[in-house]
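The following blocks contain the structures, represented as structure tokens.
Across the two complexes that follow, chain A remains constant while its partner is chain B and subsequently chain C.
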Partner chain A sequence: MLDTLIAGLLRGNVYALGAVGISLVFGVMNVVNFAQFSFFGLGAMLAWFFITTLGLPFWLALPLVLVVCAALGLIINISVVRPLAKFLPLAAMLSTYAVSQILDNASQIAFTAQFRVFPPVLPNSNLHIGNMRFGTSDLVMLSTTAVVMLVMSLFLKYGKVGRAIRATSQDQEAALQMGIPVGLVQHVSFVIASALGGLAGVFIALYVGVANPASGLNIGLTAFVAATLGGLGSLVGAVIGGFVLGILEAFGIHFFGDTSRQIIIFVILIVVLIARPGGLLGKVPLISTEPLTGTFLGKGRPLRIPRWVWAAAFVVLGIVIPLLRNDYVLITGTQVLIYAIIAAGFTVTAGQAGVLALGQAGPIAIGAYMSAALTMQLHFSFWVALPVAGLCAAIVASILASPIWGVKGHYISIATLGLGITIVAVIQLIVPQGIYNIPVPQWFGTALTTPTAYYLIDFGVLVITLLVMWRIRRSHLGKVISSVGSDEVAALASGVRGRNYKALAFAISAFFAGIGGSLLAHQYTYIDPTIFTMLMSLLVVTIVIMGGVSLPYGAVVGAIILIGAMELLRFTPELRIIVYGLVLILVVRFRPGGILVRNS
Partner chain B sequence: MSDALLQVENLERHFEGLKAVDGISFTVAPGEVVSIIGPNGSGKTTTLNLVTGTIRAHGGSIVLDGTRIDRVDSARIAEHGIARTFQNGRVFATLSVADNIEVGMHSTLRANRPFRELSNFFLLRWIPLLGELFIAIIGTPASRREDKQIKNAVETEIHRFEARLGPRRDDPAYSLSYANRRRTEIARALALKPKLLVLDEPTAGMNQSETAEVLEQLLELKAEGQAILLVEHKLDLVMIVSDRVIVMDGGRIIAEGRPEDVRHDPSVIEAYIGRRRTVGGGDEE
Partner chain C sequence: MSSLHPDTNVTDKGLTMKSVIRNAAVASVAVLAIVSLAACASGSPSSSTSGSASKSTVYFGVSAAQTGQYAQYGQQFKEAFDLAVEQVNAKGGINGHPVALKYEDSQSDPKQSVAVAQKFVGDSSISLVFGDFSSAASIPASPIYTAGKLVQYGFNNSNPDFTAKGSEYQWSTSITTSASYQWTADYIKKQGIKSVGVTYLNTADWGIPAYNAFKTEAKKIGLKITDAQGVLDTSDDYRPSLSNAVVGKPQAFAHIGYGPDAAKIVTQLRAIGYKGTFYGGQDEQSFDGTPDAAGSIVGAQFLETNPDPAVQAFVKAFKKKYPNEADVTGFEAGAYDALNVAVAAAKAGGTTRAGILKGFKALKDVPSVVYGKITFDQTTRRVASPDLTPTILKAGKWIAHNG
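Take a look at the complex of A and B:
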């Protein structure tokens, strides 16, 4: 039992370091920094490289790692995050994810993806109290963290820059007017956060004993949850969140096994957010001074689209492309269409209801697995399984999401992120292996296996999706949902029950996500949990942002760019992610409301 | 005063120990215009927020037309017939002026909201939600008739501010001037056909001629028999439009009566310009 507690403390130690970095950056920039994830993996790999390959002593390697991470952090902030945060904090968040992907890929090119044994630089079981064993290594880690936290708190309390950091995180505008160099403060915070991330990475490698470039993701996600748990922007909260999560996780793994790790983490998160919507130490204002959920909605008017464009688009997408009979184009086209369906359905949640859900991979996975199960176990026809899969995705996702609609702002995004990951984790628990031989659709006894057939099915579904979304947008219901996204307090005062409509919007989006999942399953004929990643969820979000967050047809344009054009770069995955990042950055810089939205 | 439209008794609300509203009681009769005035931080806006359910009371009771409303959420209060505007102006920025007003009509709709009685019940609320979704996608003859009524009603409300809002009816609200946003907000509140209209500083940020315009519109509403609860700093407007004035300071009512009486009340003069040693609370958002 005590062993578990120690394990929890050591893990919590790492999470706390990472969470402080995330909270620090969030406080001064209002940006959720996914790039922090990469610094864990990077810190570990750099330390491994310095010690094993260059033969440096640990005490020299550690500061070197911190310096490299800090420098990288500065570069990232100057080149990507700060320029974008000015336009749209949300886009900055997505771009930090792109940065994190770029870093992971670069690190993979440099160090290869294989797990490396981390050298045992410090003894880790040379001491004991009673029959509980621990090592110098553990003591060094815990005491380093304690020292770091102490120095940080003194710095923030008494240091000139520290005070400037606190002032900036309370009110950026006011800080700027008082002559605080907000830009510098943000750079400093980013540098500190990145160095802390590197430190946490070294520690986790010391603790686990192995490291690889991708090992940062899970720890990063947990640190992120820890920061949220404590209350984004609150550093004390981040430390508490880190240790609480570390200890609870250690006991959870002790009792339920390692596969339940993510589920435990996100269940804790969601429970805390329901009880305290601003995290343990965070505060949510009684009446939001500005509509929190709507702040990311870009202001601007959708471009007027002449009727002939619709007709032309229909002819090109529905008739010309299938007639080309080019398999490569058609296969890419099916991907574009499926993502367009998912994203078009998502616009009602992200654009109209103003809920930036980051976990659409969850309902997509439900749809895919449901459809596979229905056709394989119950021998349903594909045509029946398709809508049923959509309904199941809507129902299951709605039940799971039902507690979170009172949560606001960034927290609701994080809660849905957790929801998506939890859904996929649960599916992995139930069906650990992939599913093969999912039947292809049949049309009066003929198996539809050609790319043209897939393409036409997807095209038909997309047309129906767009029609439904168009009807909803034009209706009273659509306006009511938009009012909730615009200003929930005012909507309530007009007799609109915001939570109900957010839940309905989410259910509609989950339905189309499930439909998309079903289409994917029957066209891949193989699915496993690794398909439904966080990257998939973020891709859906990026697609809608690219096209215009509340425009269903914008999702089609977004999908063509992000799925179609990216497909051209498939031969070089690293470059692809870099281009993805660049495209996003350019769109946000020049068309913050989306490609089909005129700036105002 | 059992014939009162709104009856507030011993209403209390504190913020972390600070008593923003400290046991106040007042009434609004049908067709009456009652104004609340007082220095900043005296608890006026908090009182409005309590009456409209935007925040919860810590004590006391609020009765509207015979129904207690101090324990229900603001959506239900809107359905009971209280519509409001906000101090800083809260329009739905991404919706057009016409759509803003249409949302205001939400609680008056029937055909577009089947089974709406179930909206407040756990799980059963999905029946009206799915019903609304069906109406939105397919529609019924009744809902199409109602859509026409919505359109007409929206036109009526826009007509109230024809010169200002007429040319802007299809523009998104974020593109409007400050004064036009306030007008849109008032139009949205009136679309609810409220028994009681609650206005929080409707002329804040307006110049003299715009204020005069609002005054005229308020007098028109008064003539139509609309009951109004008004918080306003511009005393000239308050004195003209109000039937009764309530003066608040430090969360309490320090004077109450006809405008001309209140104007000369020494405690009111002291609260506004006198040398007060204690400073009232800071609840205004």
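Take a look at the complex of A and C:
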């Protein structure tokens, strides 16, 4: 028991450091900073480079890492985050995701993807309590965190800039009116957060013993959950959240095993959010707005699309491309179309209901597994299994999501993120092995296995999806859902039960996600849980934001650009992801409301 | 409330500006579509320049991760492939035809590996494809290669189902996980060990089938598994799992996984005070350099220190070409072998797609730095009776272990 407690404390220490950085930036900018994840991996690799390659002593390398990370943080904030955060926090969030892709890949080019042995700068197993051994290194880490937290709290309480940070985080506009240089405050916060991220990265590497540029992602995600658990924006909450999560996680793994790690983390998060929708120490404002509310709907109008464009698009996508008979284009096209179906269905949740759910991989996986089970065990035809898989995804995802609709704002994004990861983790517990030989669609006894056939099936489903979405938007129901997203308080005052309509919108989105999953399963003919990752969920969100968050047809454009771009950029394999990230940032910078939405 | 349904809300102010933007948007979408089509169409290089001269280049495709989570392995493969191609061409190529590779980055992501597969199938100059790295990316691509009658040589796919559930176009020279972990269970038992604690990667395409093979064999030969914990390679802290796994005081410990996760596991296993022999790890930089990894034992196919002249020639050539690489591991050796096997198949059956398949069916005793000589078992499309050598990690090097 004591062993587990110590393991949890050491782990919680790292989470706390990361969570403080995330909460700090969130407090002053209202932006969830995904780039913070990259600083963990970057900090570790930089420290490895300074110590092993340049031969610097650890005590010199550590401050150097902090300086480099802080400088990078400042550059990122000046060039990308702040210009966007000023008028659109959501666009800024998306761009931080792009920044993190760029940082990770630049670091991979600089240091290679190889896992490296982190130099044992301090003894790490010279002391012991019972059977559990630990070392000077662990004690130094714990005390460093304590000192950093103490200095931070004194700085925030008495320092001039520190007080300005607190004022900005309480009310940005009031702070501005009182003559506080909010821009400077945001820069300082970003710099501190980035340096803390680097520090946490060095600590992770010290503790774990090996590191590579991508090794920060999972710790980053957990630190992010810790920040949410404590209450976004609350620094004390972040520290508490970090330690609570570290300790509970250690005990959870002790009892249920490492395979349920993600389930444990997110179940803790969801339970806490249901009980306290603002996190342990966060405050829930009486009247809160969704992150999407009054931003996309208020700030941009969709471009008017002349009728001939619809006809032209139909002809090009449905007739010209299949006639080209280029199988590579068609197979890439199937991926574009399937993601367009999933994303078009998602616009009702993200755009109309204003809920930025980050866990669509969950319902996609349900659809894929359900469809595989129906065709293989019960010998359903593909054409029956397809809609049934969609229905199952809608029902199961709705039941699982039902407790979280009282949660608001960014918290619901994190809660749905957790939901998606948990669904896939549970599927992995039930069906640990991959499923092979999923039957391909048949048409009166002929197996449809050619790229053209897949493409045409996907195209047909997409057309139906767009028609259904168009019908829903035009209907009374669609307008009610939109009212919830536009102004939840006003909708509530008019007697609209926002919670129920959000759940309904989510169910509709889950239905189309399930359909997409089924299409993927029967095309790949093989599925396993590694296909349905968090990156898949993020891709769906990115597609939707790219095209215009409430425009189903925008999802088609978003899917063409985002999936097509990955293929188009094949001419530069090393720089592919970096160029992709840059394109994403530029699009968000100049079209923050989406490609098909005019700025206003 | 106009923001409620913005798409139906059209005012007449700023009409000119609006139409400019509208036209710009329409134009940009159109341009984008054209560019994508053009780019895709140009994806298949015109082989019109090939002429009918006998010295036309033979192209092999490589579908592997060059970026993302598995990029480390993609980089290792590439170094070995490039070396092998250089050597083959220096010796006159395939009956005079030079060999060249076309790389496509799949990130070992099935969404991209199927597109890569279709790209290769559509590129008539490609006569064989290596890859992908992971089974989760290789298996979804298999039907496409089969339909394109293109040999998919998954030289790294240790999941037995890659070939077992595949068609005659799927071949592999990787030892299957079931074979290598049966061997491991047998070997541990042979050391006089009666009980073993186990951790295994909880991955559908690799770790779980491997653990099942280990468990079945252990039961058959009477090796007691005191506790088995599934773990994730993305975790960093295994102490809670490990303290459970050693509760039954096993005499030895086995980890079924890769190098980086084994490095973390062995370090933390020692940190909780466990002292038994560690059967696990991999010849890989981060594991080899981990202080606590010393004394680990695995069954290896390829050994850098193997005195065999062919192996030493390969190691020497590799280090000469890549002076920064401290070690040559099974990954590089596997890729190096794979290219030579493909070249041998093309020499035996011809450089066309059909010819290479014919070649694979006829191959016999191809020289190999991993196996000595490779002959395929034609029913499994894997190497017939692969052999493993017990090796122990000493001072950062794996050496043959006699025990």
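Methods note: the second predicted complex is superposed on the first by the 571 of 600 C-alpha atoms of A that agree within 3 Å, B and C clash if a C-alpha of one lies under 4 Å from a C-alpha of the other, contacts with A are read in each partner's own complex, and residues count from 1 in each chain.
Just so it is clear, contacts are C-beta pairs under 8 Å (C-beta built on N, C-alpha and C of every residue); 3 or more make two chains touch, one makes a residue touch a chain.
Note that the structure is predicted; figures quoted are calculated from it, not measured.
Student: Taking the superposition as given, does A:500 touch the first partner, chain B, the second, chain C, both, or neither?
Tutor: Once the two structures are laid over each other on A, A:500 reaches chain B alone.
Student: Touch test for A:475: chain B only (first), chain C only (second), both, or neither?
Tutor: first
Student: On the A-aligned overlay, A:301 touches which partner chain: chain B = first, chain C = second, or both, or neither?
Tutor: It touches chain B and chain C both.
Student: Given the touch rule stated above, what does A:556 touch, chain B (first), chain C (second), both, or neither?
Tutor: neither
Student: Return first, second, both or neither, reflecting whether A:508 touches chain B, chain C, both chains, or no partner chain.
Tutor: first
Student: With the two complexes superposed on chain A, say which partner A:121 touches: chain B (first), chain C (second), both, or neither.
Tutor: neither
Student: Which partner chains sit in contact with A:492 here, chain B, chain C, both or neither? Use first/second/both/neither.
Tutor: first
Student: On the A-aligned overlay, A:103 touches which partner chain: chain B = first, chain C = second, or both, or neither?
Tutor: A:103 sits against neither chain B nor chain C.
Student: Using the superposition described at the top, determine whether chain B or chain C touches more residues of chain A.
Tutor: The partner with more contacted residues on chain A is C.
Student: Show which residues of chain A both chain B and chain C reach, each in its own complex.
Tutor: 297, 301, 479, 482-483, 486
Student: Under the stated contact criterion, what part of chain A meets chain B in this complex?
Tutor: Counting only chain A, the residues touching chain B are 285-287, 289, 291, 294, 297, 299, 301, 468, 471-472, 475-480, 482-483, 485-487, 489-497, 500-501, 503-504, 508, 550, 600.
Student: Across the complex, what residues on chain B touch chain A?
Tutor: Within the complex, chain B touches chain A at residues 15, 49, 52-55, 73-75, 78-79, 83-84, 86, 88, 90-95, 99-100, 102-104, 106-107, 109, 112, 119-120, 125, 129, 132-133, 135-137, 139, 147, 150, 172, 174-175, 188-189, 192, 285.
Student: In their shared complex, at which residues does chain C touch chain A?
Tutor: Within the complex, chain C contacts chain A at residues 1, 3-7, 9-10, 18, 21-22, 25-26, 29, 32-33, 35-37, 39-41, 43-44, 66-72, 74-75, 103-105, 110-112, 114-115, 117-119, 121-122, 134-136, 139-140, 142-144, 147, 161, 165, 202-205, 208-209, 229-232, 234-241, 243-244, 259-260, 263-264, 267, 270-273, 284-286, 289-291.
Student: Contact residues on chain A for chain C in the complex?
Tutor: Residues 3-4, 7-8, 10-11, 105, 108, 112-117, 120, 124-125, 128, 131-134, 204, 207-210, 212, 214-215, 217-219, 250-251, 253-254, 257-259, 261, 297-298, 300-306, 309, 316, 321, 324, 326-332, 335, 428, 431-434, 436-437, 440, 449-451, 473, 479, 482-483, 486, 523-526, 528-531, 551, 557, 560-561, 563-564, 566-568, 570, 573-574, 576-577, 595-596, 598.
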